[in-house]
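Chain naming follows the written order as A, B, C, D, E and F, and within any one chain the residues start at number 1.
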Amino acid sequence: MKLGILTVLFDGKPLEEVAEYVSELGYEAVEIASWAGSGHLDTEKAISDPAYAKGIKKMLASHGLEISALSDHLSSQLVLPPNDASWDPWSPTQDKDEMVKFGREHLLQSARVASELEIPVVNGFFGSTVWGNWYSWPPKNIEIYDEGWDLFAERWNPILDEFKKLGVKFAHEVHPTEIAYNITTAQTALDKLDRDDWGFNFDPSHFIWQMIDPVVFVKTFGNRILHVHAKDFEVQEDEISRDGVLSTGSWTSMRRAARYRVPGWGQVPWKRLITALLEVGYDGTLSFEHEDPVMSEKDGAEKSIDFLRPLMIKEPMNPDADHFWLN
Amino acid sequence: MKLGILTVLFDGKPLEEVAEYVSELGYEAVEIASWAGSGHLDTEKAISDPAYAKGIKKMLASHGLEISALSDHLSSQLVLPPNDASWDPWSPTQDKDEMVKFGREHLLQSARVASELEIPVVNGFFGSTVWGNWYSWPPKNIEIYDEGWDLFAERWNPILDEFKKLGVKFAHEVHPTEIAYNITTAQTALDKLDRDDWGFNFDPSHFIWQMIDPVVFVKTFGNRILHVHAKDFEVQEDEISRDGVLSTGSWTSMRRAARYRVPGWGQVPWKRLITALLEVGYDGTLSFEHEDPVMSEKDGAEKSIDFLRPLMIKEPMNPDADHFWLN
Amino acid sequence: MKLGILTVLFDGKPLEEVAEYVSELGYEAVEIASWAGSGHLDTEKAISDPAYAKGIKKMLASHGLEISALSDHLSSQLVLPPNDASWDPWSPTQDKDEMVKFGREHLLQSARVASELEIPVVNGFFGSTVWGNWYSWPPKNIEIYDEGWDLFAERWNPILDEFKKLGVKFAHEVHPTEIAYNITTAQTALDKLDRDDWGFNFDPSHFIWQMIDPVVFVKTFGNRILHVHAKDFEVQEDEISRDGVLSTGSWTSMRRAARYRVPGWGQVPWKRLITALLEVGYDGTLSFEHEDPVMSEKDGAEKSIDFLRPLMIKEPMNPDADHFWLN
Amino acid sequence: MKLGILTVLFDGKPLEEVAEYVSELGYEAVEIASWAGSGHLDTEKAISDPAYAKGIKKMLASHGLEISALSDHLSSQLVLPPNDASWDPWSPTQDKDEMVKFGREHLLQSARVASELEIPVVNGFFGSTVWGNWYSWPPKNIEIYDEGWDLFAERWNPILDEFKKLGVKFAHEVHPTEIAYNITTAQTALDKLDRDDWGFNFDPSHFIWQMIDPVVFVKTFGNRILHVHAKDFEVQEDEISRDGVLSTGSWTSMRRAARYRVPGWGQVPWKRLITALLEVGYDGTLSFEHEDPVMSEKDGAEKSIDFLRPLMIKEPMNPDADHFWLN
Amino acid sequence: MKLGILTVLFDGKPLEEVAEYVSELGYEAVEIASWAGSGHLDTEKAISDPAYAKGIKKMLASHGLEISALSDHLSSQLVLPPNDASWDPWSPTQDKDEMVKFGREHLLQSARVASELEIPVVNGFFGSTVWGNWYSWPPKNIEIYDEGWDLFAERWNPILDEFKKLGVKFAHEVHPTEIAYNITTAQTALDKLDRDDWGFNFDPSHFIWQMIDPVVFVKTFGNRILHVHAKDFEVQEDEISRDGVLSTGSWTSMRRAARYRVPGWGQVPWKRLITALLEVGYDGTLSFEHEDPVMSEKDGAEKSIDFLRPLMIKEPMNPDADHFWLN
Amino acid sequence: MKLGILTVLFDGKPLEEVAEYVSELGYEAVEIASWAGSGHLDTEKAISDPAYAKGIKKMLASHGLEISALSDHLSSQLVLPPNDASWDPWSPTQDKDEMVKFGREHLLQSARVASELEIPVVNGFFGSTVWGNWYSWPPKNIEIYDEGWDLFAERWNPILDEFKKLGVKFAHEVHPTEIAYNITTAQTALDKLDRDDWGFNFDPSHFIWQMIDPVVFVKTFGNRILHVHAKDFEVQEDEISRDGVLSTGSWTSMRRAARYRVPGWGQVPWKRLITALLEVGYDGTLSFEHEDPVMSEKDGAEKSIDFLRPLMIKEPMNPDADHFWLN
């Protein structure tokens, strides 16, 4: 496994400056936002100007960095937009049909760039037209959620076909507000898109507050894990019995019971998790994503690698090792 | 405190048969569904035919039962309907404006019946046009949720004005899918409807899976608690680390991590809860609501009262008692 | 489900006296030891004198008791005896080959009596020639344990063939000292005896100290559970961090960390367990087995039924019930 | 074991009225306050008028009640009074020497009455001149506490000599504000008064908030336990992380984290405790003491016996029982 | 935040030698004992000889060290001395009135030195004449404790007036044996001294054994926290159920359940705590205080900074940062 | 305390190469396998050729390494072989009498080499002829286990006599499959071999899954601890409720609930443990033993020292230190 970083944390700075900084900290890979508006990668330009894209890869390589994945969360989700204005800010249009079309096409642009640069994975969100219906009451919600799955299959199969042609895989981040947000629904997604050419961008933080053991996710889905986010989650002990796990409102409130943290500052069981990733054969990148409302960008980038570096296992025990105590 | 029961559990049976059965079990009060379609109370008829309504009260009294509250959850929620089909089955119309109007008018019918029968409380739901937006991402959701609160105040203030005239109080059940679903949002509701003529129908089950201590709800809102549901909640220990607290799909699945149970079969801390209710001065009914997918209606009705009866404290310690150990 | 009792607790008293006592306490079924030396059933006599056997059944019926199962633990285990003297006291011979033969034949006698009396299940132990090798060190133990499984299949398949002919099922109690002692090895037993005509006598007590959730056993093996023991287990909180779960020596020592208890006095999660049994469709007997070293035989018999009676669910929720909150 | 009650709970009512009430509830014994001012026993009168004392015993017997112990807490403690006014209200004098003398003499009066009535135990408190010095800072406190132990031995040895002559035992209640308040200091008391003619009135409630397992007390001191109080303690989960175990101020405050409760309403592990008492051979009374600030006197008296009755083990397993599973 | 150290740990060594040692370890600040007898600061000399005081500050600055606070615990506490000999060793007199006067005057000397050296805070203890009365029994204790609060206000208001004139703040360490020893009593102190010119020297260790969450202290008192001690507390898991949280006797006993430890070796939740300090805007020093009875002075000084250094957050997330995930 | 390593981890490499590698990592001592077949020490050669043995010691010293102990587990255990083939692979004979003789003689060879090289301890196993009989059922097992203890004393006393003559101590590793496998049986071993010239090689990993607190072992046996293994144990949270603590089968299975891990990756409470070792006066080596089935040999060797180095306390607090806070 390698340690990487999602550079969107420093979206306002030139990528080269970011590259220099993170490589000096010891990061070995970067995950780059390819969504519309990213400060680090303009997919349209990348497609029209191959030299631009290759230049980015070369520049990163000169700092010892590889690209672990492109990330198109903000645009990909538009493929299944909720029936409200929540996604409007990042869509060029409020017309739902146009929005869906835009999402699909932008995601495919990302895939084309990834293919061109030999980046194996594009991370993103499936979106969901039915997120608010997850609670099984009124009873009609169960039916509505099922219809949401039908639309999901209808919209995503053709996209995955395109990905397949490009030799790139789409990795859905299992995340609240998405149709697949826990282990049960991740399994349903696999059943509904019954093909082996896609997988997950696994971010353990989203499971902690749901009381799901992220290790179970790893052991359940194994080689479907195509990319991993290193992000932590804190259920604040002194607030939870009042605020609950369905905290709402600003992430920056001190009284929010549930919030993202930098790895090591929350409740993700990192040693168990890294052990499980090793055991299912994951050999990709742990990509640090900073969404901690407490500490600064630099504190995050530095503390994360200081915390994770000592936990990286260089190689698994050789199962054929001839040790008297091993069998 | 008294032990009561929400009769909707036996909606298919005549109310008098139900009354006979539950009074023999020892229940002292009933909560009757007044929503459109209730098998136990037809509000339209009750308004046009006062003898009908009074007859019900009299019949119940003959079995030693009082009416703790009317419940109009299914109709009241239409006042703030979500932007999908989830509420269609219980609305006479799918036109949202008409639906809102229907909800408001039906609820006021319930209030009129309650007033007529001197029932102090009508339970129900506020509804929510923005439930699905509770998760604070995309960031736009925070703004959308705030707009939902504005609409909430706009729609409910006039309704509460009517209730006030009738001398009846509306009690919102803090519940997922409603705009006020935890302690934080219940507080916001109190801030937005800044008047003392409404309160809560407190059902502890909804707090357990959110990791909220229902005792904190009781101590926080004290005399705003107008009615109480006796319902339990089970987070299945053997499923939770896989399925999580946001279980979706059928309530009857054995593998659902989060589900309602009959009192005593879940994780509600009943002794602490009853103690706290006593301490804040609640002297109304604990109304058993059966939504347990495991055991039969009769098992529920019987097990609930067998479990709760020994926990009923007849009277609080007199604070002026002259005991050497009390101060 | 019914509440029953394993009468061996009062082995020194005439069965009729026992029947009178337990039926008055409210028990509805008895499980009778059929092993060699049982004071309540002599299998040889039962085979040679059908009236004797039928008389027992009739006498029990006159006290409102049915026979939930015969139990032949002490003899059946001899089919796979350990390579030491531990089983000698209950074998007529110390010659291992003779011991195996005796065990098999006595068990088949039990099966014949059960068939004659239309008792569907004979409980017992598979035995184990390799129990002491469960710990995977020295590494040779893994191989030895595997060889134990081969012998297991070789010895038990023919016995099960005989059971099949008799229309009776053998129920193995998953228990330490037996080859199948936890969920993993119970699964191996099912794989090795790959036939659907046998199952388990499920006793939750054996799982508690192993830190296994007995509910997981129920959900994993479902309809393979043919009979259930109501016995509890206590891991003494004040001794465990010193004595550990592998307590050895006399059961009567106050300082033993791990010991059997009467239902309700240990750590078996009875409500979750009974719920799960209901959910997998178990409709047989919970048969109280007293091995509590603390309280007397009568205390056990009385406390057990007083504790379990209120937990008996008379019937499951009808899945087709037409309730608005059920789906 | 028997279930009894400390009648001081109903100090304002005539003892006969109390006797009638509690015997009807099922109590089998009473513990009577013999301290100065008790409404149920006047020790001076009892000594001068033997018929008075015998009359009480006879009256109680007529209701099926025995006297498990006399209790002289309020007076006995004066033997070692703290250096402040805290004990003044129950002392006839504020002169410390006179107070000590009064305490000693009153306690011996209680002992004489107990002897006369063949009551084996007088419960009470040792008192402490150094309670406030338990915290080992400033360091001088350790020395001061040690000096307190010296005075303790000096004052109590002569009193115990008198008890010995009377054939009555003194039972100290291990309790905060007393010199022996936890297991460690109870052991010191045994070391300082190195004689076997005294013991403890064991009240499990005092150990819960100190995070001491009361079962460890039972197993440690075994036959030194002469009498037992049935009282529970609640560390309020929703207040503890703010208020802490050293709650101060009125017992009746809802926000007090630490408080006494009726058995079954707190955190005393009753089943483990009763098991341990049985195992160390205690065969006396569990005497209910009501100091619960939440529920009324009658609620306490009734709920306590309803809770404890089913936990009473009538007799221990006979260690010589000839059971195949017992060894 | 900065990392500092209370130099009293090396009281026997010249301050310059200490300064050299701790600055090499990476400490950035020192807290210096100013109580009577301190080996590192003689307040009388400092007042009469300004060059002496300024020389100390200059010498420290030459090692890159600032003075975070003066500490006058041993003398300040004399302002409210308990009614026993516990404070005699550090008082020049045993006459209580003289003792009080000495305490007040010495503390004001410390304040004058602090003012002169522009040190913003003098740490200390309020003392308590009523510590031993915290337990609310006998009931008189509640009244006595209240009287203690009156005396507290009477004695401390004039002292704080002097502090105000000097532009220095007094910081009380919430600590057992002091009148304000938990969150509840810290709040009472704020109510009784209802002025904003004083605050707390917050030492999280004192809360752990009381089962108080030190994070709650931080969020409750926010900007009243003027200085922070970095000290840890261990409730020994293997001793607590026997010895309890009210451990008495020598700190060096291996069997003491409750004891101070070096940061990282106890149960203070350091990451949550540092997060909360950051959130309430604390930007002062975490001053390591060594009272660990297990490890040497140097082990403590080195392990503390090695443990805390990686937990220091350099700057908070800018609340105005323009991140798509922050709101 | 020193950090050492059991070199058998790199048995296939020349000891000098291993010495160079581990001394560079910072290890200060090595524990060398002396059992038959060890790649790092041939005891026969060492006895016949003193220069060989001394050469090893000298070579290690040249890398700054001392020898903390010889380890003869594989051979010593043959002194009490189980009645099956489990030990055959490491015995030159399957004849049990010859096997016992071989085990004893090889162990004494190890002792002679240790004596020659002034290594104070030879680690090993006592073995057990009765391991499989630890479970106290059938009841005969209790008697059989007792007989095992008799044989134990008979075989080991003469061996310890030889050790005594050589001035070397035998250290038994308390371990499952051995007659002394937990605290209770370790105590029995001390009672049966009632002499002070032997002790334990304490490996905390073996206690974790038994739910024994290894700190209790340290405090119970104090100076009987002659050597310590640094090995961790993981009870996999996501597997335990299914697989239990009596996991069987291959150590390399991802689904095994109970397994060895590198220090820091399991549940051994290292800080508490090192504190306790310091407190009982242990000043020897923590010898890292790698039996982790997950990570490679080098990962283990490196991660172990990186984890343990910061936990090493250089010296205890001097109990005579003159600190005002220490007493």
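By definition in this document, a residue touches a chain if its C-beta (ideal position, glycine included) is under 8 Å from a C-beta of that chain, and two chains touch if they have at least 3 such contacts.
Source: prediction; values computed, not measured.
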Dup interface of C-D (contact pairs over half shared, numbering-based), picked from A-B, B-C or B-E, is B-C
Comparison of D-F and A-F by number of C-beta pairs in contact, larger one
A-F
Could you work out how far the Cα centre of subunit C sits from that of subunit F, in whole Å?
39
Mean-CA-position distance for subunit C and subunit A (Å)
50
Measuring centre to centre with CA averages, how many angstrom lie between subunit A and subunit D?
62
Counting only Cα atoms for the centres, state how far subunit A is from subunit E in Å.
45
Mind pulling the residue numbers of subunit F that touch at least two other chains?
136-137, 139, 142, 213, 216, 237-238, 241, 250-251, 324-327
Could you please specify the touching residues of subunit A with respect to subunit F in the complex?
213, 215-216, 219, 269, 271-272, 275-276, 278-280, 310, 313-319, 321-327
Within their complex, subunit B touches subunit E through residues 136-137, 139, 142, 324-327
Using the touch rule from the top, collect the residues of subunit D that touch subunit E in their complex.
82-90, 130-142, 144-145, 176-177, 181-185, 207, 210-213, 216, 220, 235, 240-251, 257
In the complex with subunit D, residue positions of subunit C that touch it
8-9, 11-12, 74, 236-238, 250-252, 254, 264-265, 291-299, 303, 306-307
